[in-house]
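Shown next, in structure tokens, is the structure this report addresses.
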Amino acid sequence: MEEKSAKTDWEPRIVGFVCNWCTYAGADLAGTSRLKYPPNVRLIRLPCTGAIDPLFIVKAFQSGADAVLVSGCHPNDCHYTSGNYHARRKLTVFKDLLEFTGLDPKRFWMSWISASEGQKFASFMEEIVTETKKLGPLKGYNN
Amino acid sequence: MSSLYVPHKAIIHQVIEESPDTKTFRFKLADEKLHKEFDFKPGQFCEFSVFGEGESTFCISSSPTRKEFLDCSVKKVGKVTETIHKLRKGHTIGFRGPYGNHFPVDELKGKNLIFVGGGIGLAPLRSLIQYVIDKREDYGKITILYGARSVADLCYERDLKKWYKAPDTDLILTVDPGGETPEWAGKIGFVPTILEEINPSKENAKVITCGPPIMIKFTIQALERMGFNPEDIITTLEMKMKCGIGKCGRCNIGHIYVCKHGPVFTYAQIKELPQEF
Amino acid sequence: MEDIINIARELIKRDDIEAIIGYEKGRAPFQTVPFFARTPEDCDKLIMNSLCVNNLVSYINQFSGKVAIFVKPCDAKALVGLLQEHQIEREKLHIIGINCQGALNPKKLRNAIKGRMVKDWSINGDKIKVYYESGEEEFNIKDFLLDKCPACDTRTPPIYDELLGDEIKTADLPELLARVKELEKLPAAEKQQYWNEHFERCLRCYACVKICPLCYCERCFVENASPQWIDKSNNLKSNKAFHLIRAYHLAGRCIDCGECDRACPMDIPLRELNLKMRKSVEEHFNYVPGKDIDVPPPLSTFKKEDPQDFIR
Amino acid sequence: MANIGVFVCWCGSNIAQTVDVVAVAKAASEFKDVVYSVDYKYMCSSPGQNMMIDAIKQHNLDGVVIASCSPRMHESTFRSAAVLAGFNPYMVEMANLREHCSWVHDNREEATKKAIELVRMIVAKVARNAPLNKIYVPVTKRALVIGGGIAGIQAALDIANGGVEVIMVEKEPSIGGHMSQLDETFPTLDCSQCILTPRMVEVATHKNITLYAYSEVDSVEGFVGNFKVKIKRKAKCVIEELCTGCGLCTQKCPVGKKGEVMNEFEVGMAPRPAIYIPFPQAVPNIPVIDRENCTYFKTGKCGVCAKVCVAKAIDFNQKDEIVEEEVGAIIVATGYDLYPKDSYGEYGYGKFKDVISGLEFERMVSASGPTKGKVLRPSNGKPPKNVVFIKCVGSRDEKHGISYCSKICCMYTAKHAMLLHHKCPGAKAYIFYMDIRATGKGYEEFVKRAMEEEGAVYIRGRVSRIYKRKDHLVVVGADTLTGKPVEVEADLVVLATAIIAKDGADKLAQILKISYDTHNFYNEAHPKLRPVETNTAGIFLAGCCQAPKDIPDSVSQGSAAASKALALFSKKELEREPLISRVNEEFCVGCLACQPVCPYNAIEEKEIRDRKGNLIKKVAHINEGLCMGCGACAVTCRSGCIILEGFTNNQIFEQINTFENLISKFEPTPEETVAKK
Amino acid sequence: MELILKKEKLKEFLEQLSKNYEIIAPVKEGELINFKSVKDFTKVVMTYQKSIKSPKEFLFPQCEELYKYKFSGKDVEIKPAEVEKKPKAIVGIHPCDAVAIKILDKLFGWDYKDELYFERRNNTLLISITCNTPDWSCFCTSVEGTPYDADGTDIHFTDTGETYYIEGKSEKGKQILQDNNNLFTEAKKEDKDKVEKIKKEIMEQVPVKFDIKKVTENMDCIFDSKLWDRISVKCIHCGACAYLCPTCHCFDINDEGNYEEGKRIRCWDACMFGHFTKMAGGHNPREDEKTRYRQRIFHKFNYYIKNFDTISCVGCGRCIAECPAGMDLVKTLQLIEKGAEHE
């Protein structure tokens, strides 16, 4: 671990769980708009943020993610009317739990990014990567 | 180190679809020399690994008299078997074994053999049937009664055709009522019923049976009615196993470890066990 | 004590009651264990005192017929949860409510007697009297209360068919979430260290899961092999994942009976995790579990105006 | 264990320029289960698709990964192509190397590395995919149209003319909507009533249309092709079959004479009786009793209407009634409301009688309106000389109002200026505006005409306040073009108030389970490509319930929605994507935590019984017709008994898990190295 | 060979020992006593009531890797696990836990010799100590054990107050004592007498609770008794008893890893878990709580005798003391002692 963090070429690994209708499309828009952001993010497409289980997040940390991002449609815009509201509740308490057990709050991000917010997506990715770099590699989840 | 649990690599050579939910996997140990030296007895089982999924226990359904390949027949029932069913020619699997006891091939010499099989339960019998057919002169008359739910569920079609032609061998096939097709020329009825119908002689005979628990239960009842001694009825038991070598502690029925003392038992032995299987 | 035996005897005579779920004295000093009375004679063994700690409601579904059950406020809150989640049928229950002024920690008591052989013990008011082979000793009950008890605001079961005694109101309780708030103040690294040390010890015996009245899943997520979310290896990585999700699954549902805490052979402070979830749900969604049968659990519902400060 | 083929697309140079596609294909060929890996210039081209089809056959593939653009772009393309190869389309997945990689990164090495990982994740996912089959559900060939404005009327007539039965539900006593309130319509200035009324009559008389006026949708259950709708028919207290529409009752009704009840149709500018027909051309032409204001209902005495009705059509005992209808598609055309009167205090609306809304002006200029078509000052009943029109009242005002443009105000204000000119010769129109948006056919010319031929004075700028000076209103503003303050002494001020969503639109959306935006306008499924569909299959949108629109747009959307519905009805059975949730009944404990999270009410309790009929347990069951595959239930289930096909836990798990690969486990970890020493 | 070690010299002894051995000894963790690999020998707690876990995990870890696998193309690479070679000394093991290791030896050694276990086993030195603080749940004396008889260990300690009375049991143990001769003094007769007295006193603290002969005799005819229904209702089917038990040895074999690589591991399993014997098709020979609890008791007090000529219970009492549901093995055995008829 120590060895890993000492390396200067360390790049954070970020997993994003995003909904198909808004954020995934927003990321697509960032692409079509040729906006640049760091290549550290791997998105996993789900139909809706409502379909994101905290187990996914834990598993992502276990699998070596240094930060996890959940993003979906803005309130009221959910393709399935309420998935994002359910996700918001679930992840509110789960985020509390993660923090309570010592996870830095800057390692778990949640956002609403619509299909038209390519710019927001790109700059958000930029920010997450920058912040995660400041924190260094995550310890305590991947042994 | 820990060679006990480390499987040999084996390569799938052929996948045969036996029935809608059963496939036979024909494989060879990757190490040629090891494959040549590998020996087992009919009735023994092995641990079959799909790396990343886990191990599953299957009997070896081919005969040690035919050494080119090893066969395992697998019915799709759970997570591991589901993945096994996705295997194709050329895939690598893990294999350890053989484990457990075997059919008493020496004791059976000179006896008339009656095989009663149901569904995928024919797999362990197949090993023995091939064995005795290959050593035909050592054994007496062979009667094979094999049944399945429907015509499509009958396994080992190619073998059945060969057994049909084997010397001094009777092959009787049956399907459960409703499972027949218009072309079906075999019997229609449950295995125990057909067994009583064909009424094989118990003289100098041994019965080897395997199939679903309910079939075994009624077959044994039928055999008892027909006057067979519990000592002359041989079957194999199935329990959940992990290690296969009498350590992990889940396949025991009473103090008997199925993986070590079994899986082949006579009905006389089974009667003595706690009824927990 | 007479009371409960008489009540039980009357109940068991009824045709429709299969068993009475209560407590009997255990073999160890200060031990009580769950007991299922099926005959009037059995009923004589029933006891009820502040050492009756087990939450009995998980035993209800062991019986196919109607059962009578003695419930402390903790048990009753669990009942509310189970009724809310369709796990038990109200008609198949006769609930005898027992007021509670706090239950005792038998382990603490055993430590206090320093290995002396105990002949018997009895509880009188706020004192517990211990009879040794020779001599006796008296202890103050309040020094031996279970951690969950001093701050508990429910002294009378929220649900019952009959109640022994009168309803008790509470006042001037210590802060329930004091410990959680204390832990919250720690810097992230210290929090992580604190929990890692605990999680590392976990045996994965699942006593916490199996004892929990609200963990009734037929297949716990940790047993799910498809996919195997949580590795079977008991290393920090998977232990932590297990405990995080266990606590999360109880968010908005845990009624703070503290059974997980008590059951854990490795002394992992599971209740602190559960309380954190309680705090979170109460703060954000203004919901306290174990009170209302007709309200859906908070994580199965939402309000448009739920807080979302942390969402960007 | 599978045979997976990986097809890496160059997308011309779109991907290949930034990502070393050859390296990606090579790396993929070494992944577990990958038996075939290739790169190609344009995978989506016909030769590209054929390449996939050939490989499926040749290499006996049971999984395909197309590493190209976004699955939102071409997933259906490749899945359809797979079907041609006799291959299960759900065994095809896409890795997004273009939008999520080559287009957003510059560094070739890093982008290639990322591309390889993206492919690896999808390969791992596909290995867990299972073949799925489409779901087929029967269709009820009837449509429900909610709202009888012009959009609803158009949709209903188009569907009915297509030979399909239509149920139309209208909240008000008459259909017609806002269009029936208008006088003349831009840009042709043809009479609104003249073009609308025949269509209203057609609705009433069409053999395929059942009209429920004075009714509301109470509940909707079911799913596309199979909706069960409960409609509340409010009691009219008039027996429709008997009523001849003679109108005697409305004339004799003692209520309303003193202006205690104002006519909604006249935007409160004229009184109406308690039993009334909203306007003379109403359809159906049957009066209703407004029970709140009826003396009989208030005091139990009166009953004049019953006494004068020769047809004996009055029935005070009528009750609200619920009727149930089964339909296969629903068109929502519930229209709009106007921005509330009292919101703009600085314009004196409500305070000064001579400040009116556009719609009030519209009624004023209407020949059938309260002033019989004369423009009169409400304060003194005299014709005005100077009239100030203020545009964007509420619209485009994020601070006080709403952010969007109400779209029609530019045009109708120009129209109003013209009508003023026609009806009040000599009166002068001053128009305060922010921009002029005249984008329709003939619109720009229309505005120009208002300016140049009809003498309307356009002042660019906002009005800061209006105050009363003697008999006049002084409108104070600034001309932003000249940069000078402007003051107009007006006799009448007309506010072009914003269009807002219909009151109760959110409630109806919840009944219909369709999504709506922050302004309560209904969301279309796709802003460009699916503008009349909602995300709930079988429910379509028409008119202003989706966003502000003018009449031509509303009508075209009505027709579009109708064509969508007719297309739906053209099939015997509906094909649905099988990407829905399923319950593992073996482990479900029936806690039903999943039930309240389902936005489609697709989860029911199901009893599992043994052969003898004894109840074993109750479990959750998902109605596959209703499930839309959002997956909320799947993650609510604590024991993981619900899986979402296409996004199963196994698939997600493998995707996440693949991630771990960076550190090879064959190299000892630092801890292991230490331990060995 | 009997020696005396002054208590303050224990640290020195362990330091000497640690030159060749990794020292595993009981230490305090919060309220618990647990065996740990120790470097700071001042932390070692030789006199303790009951360690929460038995030290069996140092021979048979809760989780251990059997081998690693990695796919490359269609092929799989397999790399068997290796056991670390450094010898371990388990210091301060109570006699019950020491006896348990002998019991485990039998299982791991029959037919197929479990190399992973024996590699560790043969590399482990056992230094036992007389248990002078038994608690209410202890019943070693009822299962033919004693709190002081540590058969099978290498060196045995007895805490006599100020000193440890030390017996060299095995050749290996004796050699170690010899090598560190300078730390000890020769035991005298009065020391011996003192130890005998201590032993007698402790024996009194652990009264015999049942006649194990009678229990085991009765087992065969009690299998179908209704008793099991009654006793097992209380059980909540966690694995606490099995995981804390020094003789329980059931394990599971699993693959852990990702899509392309991973390891096969074996980890403890417990017969009280519902899925323990559940087969892939759904059939479970021990479906209900009754059969599972019965299996546990029979395995320890009947099947084990039939296969290995010994019961597999050492009377440590952990399963009783730690059972969250208040299941009491002693009570169960007392019922069995009374026979099937008495229910």
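Per-chain residue numbering starts at 1, and chain names A, B, C, D and E are given in the order in which the chains are listed.
Convention: a residue touches a chain if its C-beta (ideal position, glycine included) is under 8 Å from a C-beta of that chain, and two chains touch if they have at least 3 such contacts.
No experiment lies behind these values; they were computed from the predicted model shown.
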Walk from chain A over to chain E along touching chains and report the minimum step count.
2
Components of the interchain contact network lacking chain B:
one piece
If you average the Cα atoms of each chain, whose average lands nearest the overall Cα average?
A
Count the C-beta pairs in contact for D-E and for A-D, then report the pair with the higher count.
A-D
Looking at CA centres, what chain is most distant from chain D?
E
Using mean CA coordinates as chain centres, what's the gap between chain C and chain D in Å?
50
CA centre of chain B versus CA centre of chain D: separation in Å?
63
Approximate Å spacing (C-alpha centroids) for the pair chain A, chain B:
52
Could you put a whole-Å number on the gap between the CA centroids of chain B and chain E?
40
Tell me, which residues of chain A touch at least two other chains?
55, 59, 62-63, 75-76, 82, 86, 90, 142
Taking each residue of chain D in turn, which ones touch at least two of the other chains?
586, 597, 636, 649, 653-654, 657-660
Can you tell me which residues of chain B touch two or more of the remaining chains?
79, 91
Once bound in the complex, which stretches of chain C touch chain D?
85-87, 216-221, 224, 226-227, 229, 249, 296-297, 299-301
Touching residues (chain side chain D, partner chain C) in the complex:
586-597, 618, 636, 638-641, 649-650, 653-654
Would you tell me which residues of chain A are touching chain D in their complex?
1-3, 13, 15, 20, 24-25, 27-32, 34-37, 39, 42-48, 50-53, 55-56, 59-60, 62-65, 74-83, 86, 90, 122, 142
Please give the residue numbers of chain D that touch chain A in the complex, ascending.
70-73, 96, 98-101, 103-107, 110-111, 113-114, 117-118, 121, 509, 513-518, 523, 535, 579, 597, 599-600, 628-632, 634-636, 644, 647, 649, 652-653, 655-660, 662-663, 670
Chain E - residues contacting chain D, complex
68, 70-74, 77, 79, 84, 257-263, 282
